[in-house]
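Structure in structure tokens, see below.
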Amino acid sequence: MFAALIILPLVGAAVTWLIPYDRLRPKVLALFAFVHLALTIQLLAFTPPESPGGWFHLDAIGKIVLLSTSILFFTCALYSIGYLFYRRERSNRVLCAGLLVCLSAASLVTITHHLGLMWVALETTTIFMAPLIYFNRNAHSIEATWKYLLICSVGVALALIGLYFLAYATIVARVEPSLLLDDLIRDAGKLSSGWVHAAFVFLLVGFGTKMGLAPLHTWKPDAYGEAPGLVGALLSGGLVNLAFLALVRVYQLCLATKEIVFFQNALIAMGLFSMIVAAVFMARQADFKRMLAYSSVEHVGIMAVALGLGGRAIFGVLFHVLANSLTKGVLFLSSGNIHRSYNSKSTDHVRGAMRRLPWSGGLFLAGFIAITGSPPFAPFISEFTIISSAFIQGRMLVGALFLISLTVIFIGMALTVLPMVMGEAPADSEITDYRDSVWTVGPPLFLLLLVFLLGIWIPEPLMTLLREASALLEERP
Amino acid sequence: MYLALQGLFDPALVALIAALLLGCAGIPGLFLRKPGTGQNIAATVSILAALIGVPAALQLLFSNTTTTYQLLWNLPFGLCELVIDPLSAFFLIPVFLVSAAGSVFALGYWPAVEHRATERGLTFFYGLLSSSIAVLLTARNDVFFIMVWEIMALSAYFLVVTEHEREEVRRAGIVYLIATHIGTAALFIYFSLLAAETGSFTLPEAGSLSALSPVAAIMAVAAFIGFGAKAGIMPFHVWLPPAHANAPSHVSALMSGVMLKMGLYGIFRTLTFFHDPPLLWGWILTVCGISSALLGIAFAVAQRDVKRLLACSSIENIGIITTGLGVALLGVSSHNPTLIYLGLAGALLHIFNHSLFKPLLFLGSGVIIHNSGTREMNLMGGLGKGMPRLSLVFFVGSVAICGIPPLNGFVSEFLLYLGFFTQLKAGSLVYLVFLAPLLALVGGLSVVAFTKLYSSVFLGTPRSSAAAHPHEPGGTMLLPMAFFALISLLIGVAPQQALRLVSPAITAFYPQLSLISAGAEYGAIMGRLSLVTLLILLLALVAALLWKWRLNKNLVSSASTWGCGYQRGTSRMQYHGSSFSELAVSVFNGIMRQRVERPVLDGLFPVRSRCIDTPTETFLERIIAPLFDGAGMLFVFLHRLQHGLMQIYMLYIFATLFILMLWAN
Amino acid sequence: MTNSIIHIFLALTMPPLLLGVIGKTKAAFAGRVGAPFLQPYHDIIRLLQKGSVFSTTTTWVFRAGPIVALATTAVAALLVPFGAHPAPVSFDGDMILYAYLFAMGRFFTMSAALDTGSSFEGMGSAREATYSCLAEPTLFFALITLSRLSGTFSLSTMLVNISLGVWLDTGAALLLLVGGMFIVLLVENCRIPFDDPNTHLELTMIHEVMVLDHSGPAFGIIQYAAALKLFVLGAFFIHLALPYATGNPLLDWGLFIISMLELAVVIGIVESVMARLRLIRIPQLLVAATILAAFSTLLVIR
Amino acid sequence: MFSLADQLLVLVLLINFISLGTSRLIFSIRAVAVQGVILGILPGLMHPFSWHLVGITIVIIAVKGFIIPMLLSRAVRSAEIKREYEPFLGYVPTLLLGAIFTALSFGFAGKLPMLPEHQNFMFVQASIATLMTGFLVLTTRRKAISQVIGYLVMENGIFIFGLLLAEAMPIMVEAGALLDLLVGTFVMGIVINQISREFSSLDTSLLTSLKEE
């Protein structure tokens, strides 16, 4: 079962690599994505027991991340059918194959409980994303790729040495040396705090870089800005969650060792800092894709703060993982359409999108409203849970800073987005051959519907899933 | 029909159904191809909603019952109760009235055939706004409340930016959206703290919280900011004039007539939670209220734009209501039933009144603007001849909003005055009485403002070719206004009935109050008042008949207006709005500022030139805009941190690692 | 009952006489014989018999003006006690109605003036609007003081309550009040030094310029309403200024009439010894009046 | 045999300073190659003989010592760059910083508990110091090539630490490290070639067009 989840996309990658027709590839991609989604749902419904040796174990947290990734990937695959039709000028072989390899690695991250293996998978995603960011093959995209690659590799390297520290801690503690999460949690009490501290710091910085917490986020705006819309969606809705999952694993470990307070405070500090940075950089942003990148920085900040807060906020953050990735999908895909239609990312040129592209413009506006935490959309539920739990825990300052930066972000984003979608398109704006079609509008619309439904009604299975997951992250005195 | 319903359903259910109907009113139009059908459906549905909703609300109000329903939801925030108590019921009545009136008005005002692009969205969001307001009044779960609240705010935003191809409209929309979002952020804090206090996400029972803890103080501040921003209490009013001025008129009517009141409802609701509120709260409300009233009407006097004037007067009326609420709160703190009764009665009745005459005026302004093709008062004039009926109803509205007998505005202000005066005897809050002259000043200024509005629109001769050929609006546009005018008059001549309307809401707000005595006492006074009012009307009638008789006896001729010897008077020589208010503005200079561009006249025969005076948005232009610009500059400066140079990014990572290491050990 | 009848009778008949007295006094100061006391009656009756000219610009608003002015003033007349006798109509809070009745009349007269589209009348109503909204607070401060002194909320009681005894207790406050109210009296009835009904330069008028276009019966009604207004406010004023009463009803009526006439004479004297103020000065004087009244209020409630 | 390993570690540290100090790219590439070879030998010194060990050693020496350096020097030749001109930080300050960080790393390692058999060797010190050296190169050098070199030095540092776990850990982690190194460098090699084709230079200060204005 687990093997299928990993192998299937790899097979898909091979197939798409071999297919010679550019028109056919996206359809194959979508097909495999669909099968993967089906497989995922199957796995969620009937979860197999953990594999012997405990390397593969799909727990509730992993399920949530897997589900969100799979849904998002499927939608992006569908979208690619419509999108790549407008990008016939270049071959999409690398794109499609790379996407599927990433999917495989991502699935691996979600189902493994072996930190080393998880690390390998993360590194694989990092590397295979690079050519996708370089899809446009121009000076800007190469620069973005270069920065993304180097910064993320350094980050992942730091994470690796963090893992080594952890391993060495086990050796020093004379317990069975292992990087299996369950063993580590079991022996956590015995580990020497010096190594554990060092490990946590390196892991936080390492995975934080991958996740894009400020000030480790510097690759994000460039990569998101230059990558095609659907790659951006996968970066901000998929990879971010994987890195977050890694952090969550570390968090579980911290819960077992008694070093949790430091880790929580560090998370809260970095999270708030990320939100503030996002607020600062979103104001007067001249490029709407970069703006979305900073919005992603904001949301990883939210996740970090929530994780640090613990308590009810855990439920919020786990729901936010899902809500954020779906909403980001809506935003990136619709912004991709707008980019196609105006052939510009500059907010000075893009005006009156609602008139020119009623669907994409509307979706972009709706996505903005959703991502800024307005009901009746899913992010509101998660964000309000987090805020309220901050106040209920009596951490007024955290709550206040959180809210203030949310408000500033809203203002900055509104001042950028509303002029884009409202009004009339400027007379001199370029007219391209892009038109809204079922294939380009359907996927983001589907995501928006999901976001809306989750905003007013959380299905019972998902609810239980979230409950189990947050139970895993409870602090036990 | 009402009796039938009574037999069939529980009125609370009926009210909820009506609210849902409003929400669905606009949906069919989204899918129907033929323009106009959707609009008709929407109008019919909302009339139906009003027909079943208003009697239901009235019954709930008078039977003084509280009904609870359970909304089936599984969001992780506890139970979601929908409760209708007399207070909610009281606020519900205007919702149904105004939304129905507005959607009927829209048939003539925003016909689908002329506005194919915008009509669907407009109708849909109009229904959504009305419905969300109605549901909001029943929400008793923090999160559900915020959700409905935000839906209300957002649909209002989409209504405001209906004509978003105009720069001005977009700007107004953004200002509104930002203001309301800041308010919502404050509400996040408020409701989170509330949840922290009560331990659940259900709104607390009346009087269950102590007002003395520091947390309560924070809550109060947050609630005041959050709800005040919606109500448009100074200094949170900046969004109000541009938003109301740029929205389609029936939307302005709904916003000003009903949506603003939701902010007040929030404050009412919040106050019910606390027992023994400190005097300070009452004073803060009172002072903010009266200053909003004064400044609001002062701005109104200075305006040149019909709808901005009306919007500013909304600030004034909200201020008056807030004053009443503050007075009542002072009464609560000082255990003074008379004060509570009079303050609340005044406030609630004024809420009701304002939701009658303000929509009337806004709808009227819509017709006016439609006819004269501008919002600029100084270019209008003489419309009264072309449309006498509209002129009549608009006149009624203007008189009512000035708080002049024999109309309803006077009744509510009368109660407030009584409240102030009673303190002369009671003594503990003697200085409250100084509000009376201030309120009188507000009244005087509003007379200036509305004589200006009415006269420069309807009286005299047209000041521009645009306004030259008015034609009477159709029945669908006139009827709603006539309806409002009628009710205003009825309340004016039968105030004791109006008092019966608000009494249950008062008990709901302050159950301890022994209404029987107070209610009876002031009911009697209202009786006398109504007699005198009737007497006025009677005398006027007599005088009119007498005069008519004289006129029939003597010969009547007509000539052009006496120009004091100058024969060639043109319409441009008339006093227009700005010249009418110029004296008042100059007297109250400082409160209301005008940017005046005076021409330099030189020589014996100066060349033709013009003098332009524009009222300024003091708060927005002098405080808020600079603030935002400053923040923007700072942020843009900070953008340099994203320098583009890889090595520096590496340094960031490095530094983070280092700092965390130091922190860890 | 009889008192009420006398009250109404006086209200109906006496007002023009005051105008006559004022005119006579001014004439005496100017060393002229002057028009007979009953001249105003003749004027009004003659006007009522004249035909009328309506400007083609005007609508029903123009016609409504005089009627409402009359009606409101008449009702106000029913609310004010004459001399020691309580008013026929009185209830708690009627003083507020009293104040707002004038506002109502003003609203209609101003609209009527603006209905003609004449720049002069517009000018007049602009001034009327501004000054009256400055005069409003003064009246309310007066009402507060009176209500505080009497402990009641009804004009009759609070005015009748003022007596020499009260003067002895709170003389200072009442003195300030008299000052303020006298200014209000002059402003509201557009007398010199604030306004000059008999001037011939429309530019300097306030109230008279508003009624330029009214003719015949309408103008008669306006004249009568103006006189009635003077009478009503005067009746209010003499309660403060000349609060003497004997127990005997008839004697009290006599006293009332006499003191009204005294008031008319005083106004006449003021008009003849003072010149009209510059329009710029008027708001300042009004604010001064407000301050006087406010001080008196402070004196009584502290 | 551990003592010999220790002396080799000293050599590694020296190479760190060389890579910090030199301006000639080819030379620093060679230095890193040598470092790689040494790292390749180290496991052999620490553990008893086994074929698996031999395999590991060969692979490491091949990759770190020959393949990657060849790639890099080809890139250098194709871009015709000889030296690292005007780095962001001069050589002397960099060397000083390097010294400071080495000292710090010794302090850091001193605070951490070790296994007795590792007690008096300086694996941890060397690894942290190398890591920091890599960081220094990454932050102070202008050429893309030097940045890759910095990354490689970092990897070496991590590898040194890995040696401590060699027998305890499943082979997977080292394999992972190697794979990551390999693929990472390959991809970076490709990207670098792209860069030099796009900009006909490897000066990263040309790669600063993406930033906030």
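A few notes on this one:
First chain written, first letter: the chains are A, B, C and D, and each begins at residue 1.
By our rule, contacts are C-beta pairs under 8 Å (C-beta built on N, C-alpha and C of every residue); 3 or more make two chains touch, one makes a residue touch a chain.
Because the structure is predicted, anything quoted here is derived from the model rather than measured.
When chain centres are taken as C-alpha averages, the shortest distance to the whole-protein C-alpha average belongs to B. When C-beta pairs in contact are tallied for every pair of chains, the largest tally goes to B-C.
Inter-chain centre distance (chain A to chain C, centres taken as mean C-alpha positions): 79 Å. With each centre defined as the average position of its C-alpha atoms, the distance from chain B to chain C rounds to 36 Å.
A separation of 101 Å divides the Cα centre of chain C from that of chain D.
A straight line joining the Cα centres of chain A and chain D is 31 Å long. Among the residues of chain D, those in touch with two or more other chains are 111, 138, 147, 204, 207-210, 212-213.
Contact of a single residue of chain B with at least two other chains is seen at positions 636, 639, 642, 646, 650, 661, 665. Pairwise, the chains that touch each other are A-B, A-D, B-C, B-D. Residues of chain D that touch chain B in their complex: 88, 108, 111, 135, 138-142, 147, 204-205, 207-213. Touching chain A in their complex are the following residues of chain D: 111-115, 127, 131, 138, 144, 147, 151, 154-155, 157-158, 161-162, 164-165, 168-170, 172-173, 176-177, 179-180, 183-184, 187-188, 191, 194-195, 198-199, 204, 207-210, 212-213. By the touch rule above, chain B contacts chain D in their complex via residues 636, 639-648, 650-651, 654, 661, 665. By the touch rule above, chain A contacts chain D in their complex via residues 116-117, 119-120, 123, 127, 130, 134, 138-140, 142-147, 149-150, 153-154, 156-157, 160-161, 163-165, 167-168, 170-172, 177, 179, 192, 194-195, 198, 221-222, 225-226, 281, 286, 290. Of all residues in chain B, those touching chain C in their complex are 381-382, 384-385, 388, 391-392, 395, 399, 402-406, 410, 414, 417-418, 421-422, 424-425, 430-431, 433-434, 436-438, 440-441, 443-445, 447-448, 451, 454-456, 458-461, 525, 528-529, 532, 535-536, 539-540, 543-544, 547, 550-551, 554-564, 569, 571, 573-575, 579-584, 587.
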